[in-house]
């Protein structure tokens, strides 16, 4: 099998991570924010898989599994909060949530 | 009996305590008895001690009462040192002091603060005795400061008038400048010689310091600073005229007879120091001379009876300084004594006058009082004659000695003599100007009903009249004190010069007579000359010294105080507070409440920290 | 053991006083008075005992935090005795001055008062540096409460300023203490905060200077000295009278004590080279604060500035570091303790009577309150350094000693004597002299000093006269301690001078 | 294989960019699923078939469906899409993008410093599960606790009272 | 490797806490009863802490690669369990009147405790992430718990969303950093990254540094270190008080233990730039935290801002650990964390005891004159605030003494100066609150904190105050315990 330079895998992860970060920073729709967070987590997972395949380990995959679990739980709670938010504010604009400051 | 020397200051001190602790609850009679009596007791004791001492023939006598403090080699004690010099001083203080106390019982009889007055007076006498009897400079300094305090208290005795308070503070602060100089002198002496016992200091200084050495000059200069402050000599003379705000007995006791001469005493006491610093000794002479003349000219223009006397005091002390400066130590002390007699007399007499004319002090509102106030008239006559050195009065002998000593001095002696004679001329004019204006001519203001008096006021006056007349025949036993350095020979001067010296004050009296009694010369005409007006204003204001000091020291100090009331240094801390608040206001704005902003800060932190981490 | 008793009596007494308020609001002050008098008697009982070989009259040493080599080490020598006696004496005076003034929440007030005193006693006796620091801070908290609760119109600001100044500089001292302990660890091999152990530490010149500065700043803030003095006028003007008495009379002395006991002996070389700066600061304090004092119209602020000015003589004396100068510093501490306390009590008494501290509103009070006027005059005169009273002995000795160390600075400082007379007499003029006319103030309560007040003032006057006329009884106590300190540093100084 | 890697990578990047730029929320979600699937392919290429399968089933399947449910519940209409357009102004995204670009640049900088070729070896289900039920059994248990926490929290928060 | 039951013995506290959760869940399933649920939680946490105490002197083992159960982790296990129990006691009256189902709160609380215990026992990325996320996940729930209540005073929803979104982003950063470390070291255990960079050619130190920084930032977010602190005040303010307390005490200390183990094990401080970064973060945190709190009027926000500063102080000891011989800086961190937990429980406890889910007394105006209205509470609060300010007689002073000591030994002069500066500013706002309490009372709503259901809470306050003072005056017992356990870290 041909080899793949490890840096390319990590670079891909970094790119996805950055795009996710841009999403978190720019989107006002909270659902998109949540999705961007998923992109970031997924990018981390990708980095783990890349690293695991460098070492030929299974540990990295386990870490990926944990990230998956974490993502699932987070999305569950996050979406629960979004529902409550929509009920209260009738909007998905994250800027609405700025009553506490100073 | 000599051992009981400590009783001298103790009596008045006890009197002071008794009066303070009862604080005005005693009847005036008892207050008077305590106040004057304690000083009288002191005088009696002093007299007995003096006779014993003189009979004993010892040069000096030391009595340590108790050790004050002992810190390493610094061991001043409450020890009294008696020799001819302190003997004279002690007798003058207690004697004249007693007479003035006695006079004051009458003079102050109507004052509501009678008791307070005598408590201060007693404290003063106690302090003054400490000053002259102390065998070390620290004890001397204690008395020195103590008399200063009493002077302050008594000048400001009538405290309701702010002007009196001002005068009192001025007196204290100006003299304190001198005192500080003296204190530094003490530090210097101790640092260099390891002791502050006066005799030890003198011996050590003589042994260790070469004549004219820098240290000797510095030490003598610093002590001189103290002396000019206390004795109202140039340049610290400005407080004395204002000090006349106090009750007249105070002026007599403190500001004529005793305290102001403390500077003379100090220099005489430490004369060896001045001898090994000849340049400073010469400076003393010059200071004395200049003060004589300055004060004389000022006195020519004054209209307040007490101020005239004050300037004359200043001028007479100038003579004493002159004497000290030319090395005529005993002449200085002799003049100190005679001056105490006749100046006390003059002040007390002026007190009677003032009281009789209902507290009027302007001589131009008096006049023609000769008939109404005979005792005062007699007192003034004798006092004035003594002051102008009318032959064979007490002042004549002492002043004569001074001038002769100046004449005999090498170098600037002649100039000093000329100046001194000029001063005597001025003395003649201003003294009799006062005399003629007050007692002759038309009355222009208050006509007194009758002379205030009584035995306790007139008695002292009579005694002082006698002393002023015959005081010149008293021989003061100071040879042993000054034998060391003084040239003690008969004065060989021609009769011409002697005659001249006698004549000059008389000419002054005559001029005064022509102007103010016979009115042959008109003072108004003289004043119409522009230059004389200017001079008059200039002299009247005391050569503008007050004006100068105000501009140089007082106003800048007040200005500095005013602009820095809030304490500049504190504003630095205030700035820190302001800065913290501003930072808070700025940084709180970053807590916008927006999630995206918060996320941005995280991202920014990430970027910045990684940059720092990678680049460094 | 007696030392533990001395301190714990106050702590316990404070708690009892607080609790007793629930029974009767009049009890706290009585309990406080009894406690302090008891303590004072206990202190006096120490006077008779002979010091042991090390010069300590009493000591107690127990392990406290062995991890850091910290021990509970208290000891008493002549110097400490003088200061704790001052503390006890002024403690009684302070309670007296609070007797009528503090009506609200008296229990808590006396609790704080006694705890402050306990902290001060700890400071004066602690020989473990950690313990010293501990007490150093402990005395501040109750003082904060005293100012913050019973203070005047601007109490929050004043209390806060006081606390932050002393705390922040205290932390600098903590760093320095830790440096010492660390050097002990490096050089001897174990941690120790014991004063005697730390005396042996050698440090490089530069480090020693920095470490010394930590102590110096903390102590001169408390002292206080320019430029760390500006908390004092605020604290004093706002504090209740008893607070001012404690603050001016005792708390300031802890700084001076620290300099004598710790700052110089622990760092002799650095102190020697720092002495000119310290003395310059002292001279600036003396003159600058005297000048600022003169400008004040608030009587308490004025007295506060004069305190700074007077404490300048203490710094001057300490850094001159010879016997006269040190004795002078000690005497100034004692005498200023009494005179400043008395002046603050007078100011407090006036404020209590006419509800203002502004001197321009006063004037001519001599007529109305002659006894008060005389007392005020006495203490003003004492403050300006009249010979025969304690302050003179202190200041004269300090200057006398300082002159041997540094002539120009001493000469400049001596001008403080002139300025002292300027402001002291000005106060008398403003308040008591002049014509008594109807001013803006309400004078219906302007009554003369009562018997109790006269008793307190009389006691302080006697104290000052005693100090002024026979200071030997005080000098003898501190003399062996100071001589010992001087001897210990002499060889080091000599070595430095040789180099 | 290697071409597949780069192809999938390209798809993943493009799809992800599309998610971030999308205004229609359902489209966005679909792009996200596409991105996740592309990543799954990469996993496979890198020799992690188990992870690839889980990525596809759990991530792209289950979790995204959760999103879909919620989007349907919220029932955001056309106006939100317009709103999204107004929200996505350059002012809003230029700053963050520059910052993200710098971050990316730094990451690329350090990552490209590595010089190591991966020769993908298959790490299959067996190995992973051996680990999971061996030394990492606690991880599984803890993961279950994590999910329990998520469950309780989500239950409590999402319920209608 | 087969895991046997015996291997699990060291995990007893963890297992008991888990069992508590499950029992509570079952009980809720059978019949909802608020008091019973709370009681089960308290009992379970108590048993767990007692068991942990009994194990502390004997146990020292690595249980699977994931968890290390040594004296250090057990010490914190005890601390966490006890703290969780105390918070439960506070929660009871606080939530008593909530118009919603209340029992799940205790489930979340005990699950969070499980997460925290895992964190303090973790020296492996997997367990770190799992523990951290378990804790966070429960906290999202706890923070937003009163979201359905019509009477809820604050903004739990907003707080929870903020916390979730930002925390997830931080987790992403943390995970990415871990992945990079894994790529470099090939192991998920905390292991010396320095040795790897030395031994493995082709891997730049820049890579390691970026990875370490990303992990540090992920952790720094949870510790609310500047500039990752911004969520803190909002989340503190919006959360119900017991949740805030939990976040401030257990959340912070568990995370710091992880950071400590991580930094020490990876020898991250051998990189100068890591020291620089951590020092910078410490400086910025101390200054920003204290300055932000300066004029704040909300007590919760004051405490939030001050926690930023306190975490900054702790970083000083962390940095010092690189320079000093022996365990002194670890001891400093440990003691300070202990002290910080004590004073935070006390401070939040006082606010919590007078508040309820309907009305939180959060403004310092509410506390004006408390000293005269309710001396007991004022005394406790004053004690806690002075302790936070580091004033002697309190445990906070000993903590600060430790920090200073570590700093001095390490010669971190700049950081010490900042520490002093920060403490100086800190005095201001702590005293500001104290001063308010000293003022004369003014009208306004009275606190109701009497009654039987508050007994426990008052007891807790008394306990905490006693701890604060006793350890402030005589810290030796705790000092020697910490001295022993800290050796485990190195």
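A, B, C, D and E are the chain letters, set down in written order, and residue numbers restart from 1 in every chain.
As a convention for this text, contacts are C-beta pairs under 8 Å (C-beta built on N, C-alpha and C of every residue); 3 or more make two chains touch, one makes a residue touch a chain.
Bear in mind that the values here come from a model prediction, so they are computed numbers and not experimental data.
Touching chain B and chain E together: A, C, D.
When the interfaces D-E and A-D are ranked by C-beta pairs in contact, the top one is A-D.
Chain centres computed from CA atoms place B at the largest separation from chain D.
When every chain is reduced to the mean of its C-alpha atoms, the one closest to the centre of the whole protein set is C.
The most distant chain from chain A is B, comparing centres defined as mean Cα coordinates.
If you average the CA atoms of chain A and of chain C, the two centres end up 64 Å from each other.
Each chain gets a centre from the mean of its Cα atoms; for chain C and chain E, those two points are 42 Å apart.
Centre-to-centre, using mean CA coordinates, chain A is 26 Å away from chain E. Chain B and chain C have Cα centroids separated by 37 Å. Contacts with at least two other chains are made by residues 96, 99-100, 103, 106-107, 109-111, 114-116, 136, 139, 143, 146, 149-150, 153, 155-157 of chain D. The set of chain C residues that touch two or more partner chains is empty. Residue positions of chain B with contacts to 2 or more other chains are 588, 591, 593, 595, 599-600, 603-604, 606, 610, 614. This structure has the following touching chain pairs: A-B, A-D, A-E, B-C, B-D, B-E, C-E, D-E. Across the complex, chain E is touched by residues 580-581, 583-585, 587-588, 590-591, 593, 595, 597-599, 601-602, 604-606, 608-610, 612-614, 616 of chain B. Those residues of chain C whose C-beta lies close enough to touch chain E in the complex are 64-68, 105, 130, 133-134, 137-138, 140-141, 144-145, 148-149, 156, 159-160, 163-164, 167-168, 171-172, 174-175, 178-179, 181-182. Residues of chain B that touch chain A in their complex: 588, 591-596, 599-600, 603. Touching chain E in their complex are the following residues of chain A: 6, 10, 13-14, 17, 20-21, 24, 30, 33-34, 37, 40-41, 43-45, 47-48, 50-52, 54-55, 57, 59-60, 62-63, 66-67, 70, 73-74, 77-78, 81, 84-85, 88, 94, 97-102. Within the complex formed with chain D, the residues of chain B that make contact are 600, 603-604, 606-607, 610-611, 614.
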